[in-house]
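For reference, the structure is listed below as structure tokens.
As written, the chain order gives the labels A, B, C and D, with residue 1 at the start of each chain.
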Amino acid sequence: MNKRLLGIIGLVLILAVGGLLAAAEEYVPGTPLKVGFVYVGPVTDYGWTAAHDQARQICVDAFPWLETVIVETVEEGAEGAVIDRLILEEDCDVIITCSFGFIWGTQEAAVRYPDKIFFHCSGFLREPNMATYMADFYQIYYLNGLIAGALTETNKLGYIGAVPIPEVKRHISAFALGARAVNPDAEVHVRWINAWVDEVGAAAATRALIAEGCDGFAFTEDTATVVQVAAEGGFFSFGHYSPMYVFSPEYCVSGQIAHWEAIYLDFIEKVYTGEYDAHNLKSVDYWWLLQEGGVEAGCDPGMVINPAWVDRLQGIMVDDPVLGTLSVYDLVMTRLQQMSDPGLSFDPFQGPIYDRTGTLRVLPNCILSFDGLTTMQWAADGVVGPWPDEP
Amino acid sequence: MEWQTWLVSTVSFMLVHGTPLLLATLGEIYAERSGVLNLGIEGMMIMGAYAGFVTAYLTRSPWIGLGVAAAVGCGFSLIHAFASITLRANQVVSGLALTLLGLGLSGVLGRPWGGMPLPNSMPKIMVPVLADIPILGPMLFDGHTLVEYIAILLVPLMWFILFRTKIGISIRSVGEDPATADSLGVNVKRVRYLCVAVGGILAGIAGGYLAVSYRPAWTEGMTGGMGWIVIALTIFAFWNPVIGLAGAYLFAALYHLSFRLQPWVSPELLQALPYVFAIVVLVFVSRGSLQRRMGAPAALTIPYTRGED
Amino acid sequence: MTRANWIRIERRPTLSPWVVLGVSVAAIAAALIAAGIFFKAYGVSPWRAYHLIITGALGSKVGIAETARRTIPLLLIGVGLTVAFRALFWNIGAEGQLLVGAIAATGVALFVPMPEFLRLPVMFVAGFVGGAMWGLVPAVLKVKFGINDVISTLMLNYVAGFIVQWLILGPWKGPTARGFAYTDKFPASAMIPRIPGTTVHWPTLILGVLAAVIAYVWVARTRQGFEIRVVGENPHAAQYAGISQTKVVLAVMLVSGGLAGLAGVGEVAGVQRMLLDPAKLSLGYGYTAIIVAWLARRNPLAVIVTSALFGVIMAGGDVIKVSLGLPFQLVNVFNGLILFFLIGSEMFMRYRVSFAWRKR
Amino acid sequence: MRGIVKRFPGVIANDEVDLVVRQGEIHCLLGENGAGKTTLMRILYGLYQPDEGEILLNGEAIRVASPKAALAHRIGMVHQHFHLVPTLSVEENVVLGLSEGTGPFLRLRRTREKLNRLAGEYGLQVDSQAKIWQLSVGQQQRVEILKALYREADILIMDEPTSVLTPQEVDALFGTLRTLVDDGLTIVFITHKLNEVMEVSDRVTVLRKGKVVATVETATSSKAELARLMVGREVVFRIEKATAERGEKILEVKDLHANNDRGLPALRGVTFDLYEGEILGVAGVSGNGQHELSEVLTGLRKATRGTAYLETNDLAKCSAREIADFGVAHVPTERIRAGTVPNMTIRENLILKSYRARPFCRWVFLDQNAATENACHAMREYEISAPHDGTAAKNLSGGNIQRLVLARELSGSPRFIVAAHPTYGLDVGATEQVRQVLLDQRAQGAGVLVISEDLDEILQLSDRILVLFGGEVMGIMQTAEAELEEIGLMMAGSHRREVAV
């Protein structure tokens, strides 16, 4: 009896100590690196998670010394234990958590394992051993907006939003600004589905917007539903996150594609070389846009605008105070070029910008600050529909 | 004319969104009329969706897709039938198990099929003359698939079978008083198996419709809880196919409006309504002879064993 | 003609615990073998898989912690369900009762000014009351209108879910949630203490074990327990003996709902520390607990074991994802199979089965 | 039927039973409840499969795998508890399970015509569109017979068909049966009532404890002989009962009204008194209000009007629990369905009503020891034979269950006892014991209300007899001056006499 009891206590101690030891050893630069990815959805969602996992694959192919472990469909709130497992049982050196919702669990884990390195997506909390990153689309949504504004005949565009957070709101406003830039009468009608993956909802929302008279669609939802439903009705749309050209070669005009690999390759390599370690990440925040190659404009790699639409867009002329009269196609290409080059001679949120309540949000000759972008709650002029937490 | 566009959009959405609900509800009505509660609809639907997509993708024919979806749904429902009829298991537990199994299996098998479009979805048709009728035309006869119309035609058919044929009498008697039915030479087990199978077939088709027509692609869990709504609708319909049609379309309409009216009304409210309705309706008919005429089948969820009556 | 009854079935006059144990074990074994096929299909040897699952769920600090975390709500809810099932009330609504309990606790945690040392206790009380109220609705519907309990409880789950949705998207959305559908994080005084380095909120665990013991004594040894059993076994006799079925049903649902409510408090104040999407809050505990209670043969004490078993299975699910890198959906397949085999075994207990062709 | 054997867990229901029924006769199956009559017929009708033995129809062996098969062999059965689906209409019930002709569709008009024709021929009128739950018991029985005829049955099995009918209805039924036999049908008639056997049957087969005792020509036999065969010894048709003189008035029922489960009036102004040391027998055909009367007096059913004073307490306004506490004992009609909890132990069943108070309950906890003591004592006193007090009630025989119920109800010497069908389905030994117990209670000064459909029992036990018909008291008479004829007429509602006290 006592023996057994002792045995058990001993076992527990060993495990606990073992755990601590496993947690204790810090990564030595140049040695094989093991990275654990924590996903919020299934790798097959063909949206957010799929994009992250393709990026991971690219890294694995690029770095022979890299080993990865993935955990998919982790409920937000359950990430803490998964991280524990990844560190204690899989002894990963780096943990990458790919959803805003993992913010608390990641931060707590970062404190719990001060010698491990954490990389959290789209968050705002950082620790000496926890960096954050985001590849943002707002510039591309502006480009999509330009196209949409030019193409719409009803002057009503539809946007199916996942969750009313600053990220999505910023994208919608950028889209609206783009549309208004070429078509002052354009409106962007918004519907929220309050979920990142909800096909039935996305389909219903799209049909509702069609019924409202919208004839072009952009969205934030992790499937190609909107593209397909819009195409059914013969309406154009913009792909989101993954190349969605295949879902509607005739109606998918353009879209946004994420290149998380750009960020991952950079970060992982810097960890490998020792430039990043568990003590100097407090201020490391990747905010990668067109110029860094974190994102790409288009509905298929290398295809900024669906060839089927190029002629039409070249046929529509607009006046620009600076560039003069030019075709929408050229305008889009110019803006893309301007935002891609290091000089960065253009930004969608260039003042003066009034929100839809008439308040001045960006002063003339200023561009919206990083902080202004990441905490954005206001809606640009031309946005129509429900807008939670509108200031 | 504002109200006209609202009407048209709402009704035509009713047809699209209501169809999978209607199909599965008709099936569940038959299952429950025969005394078997099947909470596994979600599982059968998602399996149907998976099978339907894969088949349609490989054969290039959405119709074969639906066929296979039906077969798979049927096969799946037979698991529940065997558990609850032959093994006399607790129908609630068995139903839940079926849902788990369906979601799991479809998720595992469907892995390689995620994120690709179905090149040839169910063709949308436009009924020649009728489509030109103002309002009615665009509402009912333009841009729908045959499945929507077939679903509607199923309603009177299944009503007739249930209330005007011998099979129907057998089904209802088995659900009300199996011992009696048995003593009269009705093969209780066979009838129940049959009804559960019908439920499976229709749930399978409903799922298949989602994957080859409603949104021609495959994603894990793409049924998004429709199966549970069907349970509510079945009650809502007093186990009567005709009211089932009304219920399915009403729900679809509410769902549509929950997005149309989003600027003014919180969608959760509208989406919760069907469930509240179902309960209110039950309270409503819980009295006396109404209960007899419209209440739940007396033998619902009760397994039957000869000589234990 | 007679193919329909190719197996002959007679009731067992009595049911020995050994039969129960033996058959259950056999069933689970069979399920494991069946599930093994899937592991094989993915090129993982079933032995390795199961070994990993067991060690992963019980062999390490994390594993035990994870198992415990899953066990807590299953235990609380399961105990309540055994009592309800004893009175023949099929409470499928634990999921909803859990959510309402969570809502009540959140309300107290965030919006009720009070001395901090009182907050946590009051939250537990509020959670219990909330769950109990939600559980009483179908109880009243049944005794007043004779409405099928399976159906009404099921419906109410969805209503509760939508209420939570509405709260976190609307009135209760947290200013610091940056637009996400959460409430704010709870103040420290509203967090249930955890075992350091884990998410095991031990006070709730203790509550659960207490609940199991008390419920057992209540049903087996007390006056009202006697009434519960009479009502459950034979309503007519209950009426004849002057036992009020109404009182009994209300009593069991008060407790059943209340315990589910406590589970809700545990999840919201022990694990998440904020109110969020129903699906993330509960992970289907309300439904799994039905199986837990059913497997415990309606015996509250046995729930301690069965809930732990399913805790292991759920924690094992993580292992499948993390260590084996297999699609997480395998967990559902796994559970589904285990269930069906147990269901099958169920009747081998209640009936003596002999196959027709063996007789000829 | 040859060498039929049917075993159920624990019992052998039929043991090597041989039964020969001739074409065109009315053949009675006579036997006490539990003698195996019904089981045997259920086998013939395909509801059970025999463990051994074979069935021959017109010489060749047939296998009756199911009722359907039975019907195919033109064997029909009218069950004691009707097999009708309450929510379906008469016609739907009639065609239910039929596979003949007409394809999948219903030809209800054709059905209706055929029904009316049959109804006309044999005098079995019913409204063929009515829903079953709207019909009276008598009408429902007609539907059952029609159903069998509609299926062109040659052999008609009738399981205790008269138990629910008035003497007049019984005569009508017998009339029908004869016309059927004249048309060449064969009828197997299950009963345990001797005079019915004598009246209707051509031949009788007597069963006892699952075995065939004898098959005799009715004409060449006698009541007494059959009775002996049935119970295995001469039956004492009268128990000696000491004449106890009545004491104080204990119960005073005035103008009592109540509804039945369908909400229709079942008691219409019942008025009577009951005295200490008296047994008042309530005679009547089932379904004339006795059941409701017993329920009202024990608080299981609310009275719509009137009073029933037990001394100062109006039972009509009290709950079952309160009434039990007044010392009112109730031996219920359905003793297994209502009187006991099959899955609970004898010990627990014995305290089903007294569990709330000391000694069985201390504070909120039950006292197992007290319960056990009580059980042992009761099992000794009432000769309840069971392995031990932990045996589940469901494993007890009918007689022992009734003893158990009595033991519980009569503990603590009640002042007023409602005994409904106290000996129904009991073997002779048990019957006598039960009756003796009731007489003892009477001797101890309790007022006893005995409700029974068995007139013999009423005549033997009661001091006065009250006849109920259609929820009204047709009359109350001293047993001494009671005559069967008169009682029969009163039960049929065709005669009323002024209430004598």
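The working rule: a residue touches a chain if its C-beta (ideal position, glycine included) is under 8 Å from a C-beta of that chain, and two chains touch if they have at least 3 such contacts.
All figures in this text were calculated on a predicted structure; none of them were measured in a lab.
Trainee: Compared with subunit A, which chain's mean CA position is the farthest off?
Mentor: So the farthest one, by centre of C-alpha atoms, is D.
Trainee: If you tally C-beta pairs in contact for every chain pair, which pair wins? Let me know.
Mentor: Top of the contact-pair ranking: B-C.
Trainee: Let me have the rounded angstrom distance from the C-alpha centre of subunit C over to the C-alpha centre of subunit D, please.
Mentor: Centre separation, subunit C to subunit D: 45 Å.
Trainee: Please compute the C-alpha centroid of subunit A, do the same for subunit B, then give the distance between them in whole Å.
Mentor: Using C-alpha averages as centres, the distance is 37 Å.
Trainee: Round to the nearest whole Å and give the separation of the Cα centres of subunit B and subunit D.
Mentor: Going by mean C-alpha positions, subunit B sits 46 Å from subunit D.
Trainee: Could you grab the centroid distance between subunit B and subunit C? Build each centroid from C-alpha atoms only and quote it in angstrom.
Mentor: The computed centroid separation for subunit B versus subunit C comes out at 28 Å.
Trainee: What parts of subunit C, by residue number, touch at least two of the other chains?
Mentor: In subunit C, the residues touching two or more other chains are 11, 165, 169-170, 327-328.
Trainee: Among the residues of subunit B, which ones contact at least 2 other chains?
Mentor: In subunit B, the residues touching two or more other chains are 107, 111, 187, 220.
Trainee: Of all residues in subunit A, which are in touch with two or more distinct other chains?
Mentor: 42, 194
Trainee: When you check every pair of chains, which ones turn out to touch?
Mentor: Applying the touch criterion to every chain pair yields A-B, A-C, B-C, B-D, C-D.
Trainee: Provide the residue numbers of subunit B that touch subunit D in the complex, in ascending order.
Mentor: That would be residues 164-167, 169-170, 172-173, 176-177, 179-187, 288, 292-293, 298, 306-307 of subunit B.
Trainee: State the interface residues of subunit C toward subunit A in the complex, per the touch definition above.
Mentor: 56, 59-62, 65-66, 69, 165, 169-170, 173, 178-181, 185, 197-199, 271-273, 276-277, 279-281, 283, 318-319, 321-323, 325, 327-328
Trainee: Spell out the part of subunit D that touches subunit B in their complex, as residue ranges.
Mentor: My answer: residues 42, 45, 47-48, 66-71, 77, 79, 83-88, 92, 95-99, 104-106, 131, 133, 147, 263.
Trainee: So in the complex, which bits of subunit C are touching subunit D?
Mentor: 1-2, 10-11, 13-14, 221-226, 229-230, 233-234, 236-237, 239-243
Trainee: Can you list the subunit B residues touching subunit C in their complex?
Mentor: Touching subunit C: residues 37, 39, 79, 83, 86-90, 92-94, 96-98, 100-108, 111, 187, 189-190, 220, 228, 231-232, 235, 266, 268-269, 271-272, 275-276, 278-279, 282-283, 286-287, 291, 296, 300-301, 305, 308 of subunit B.
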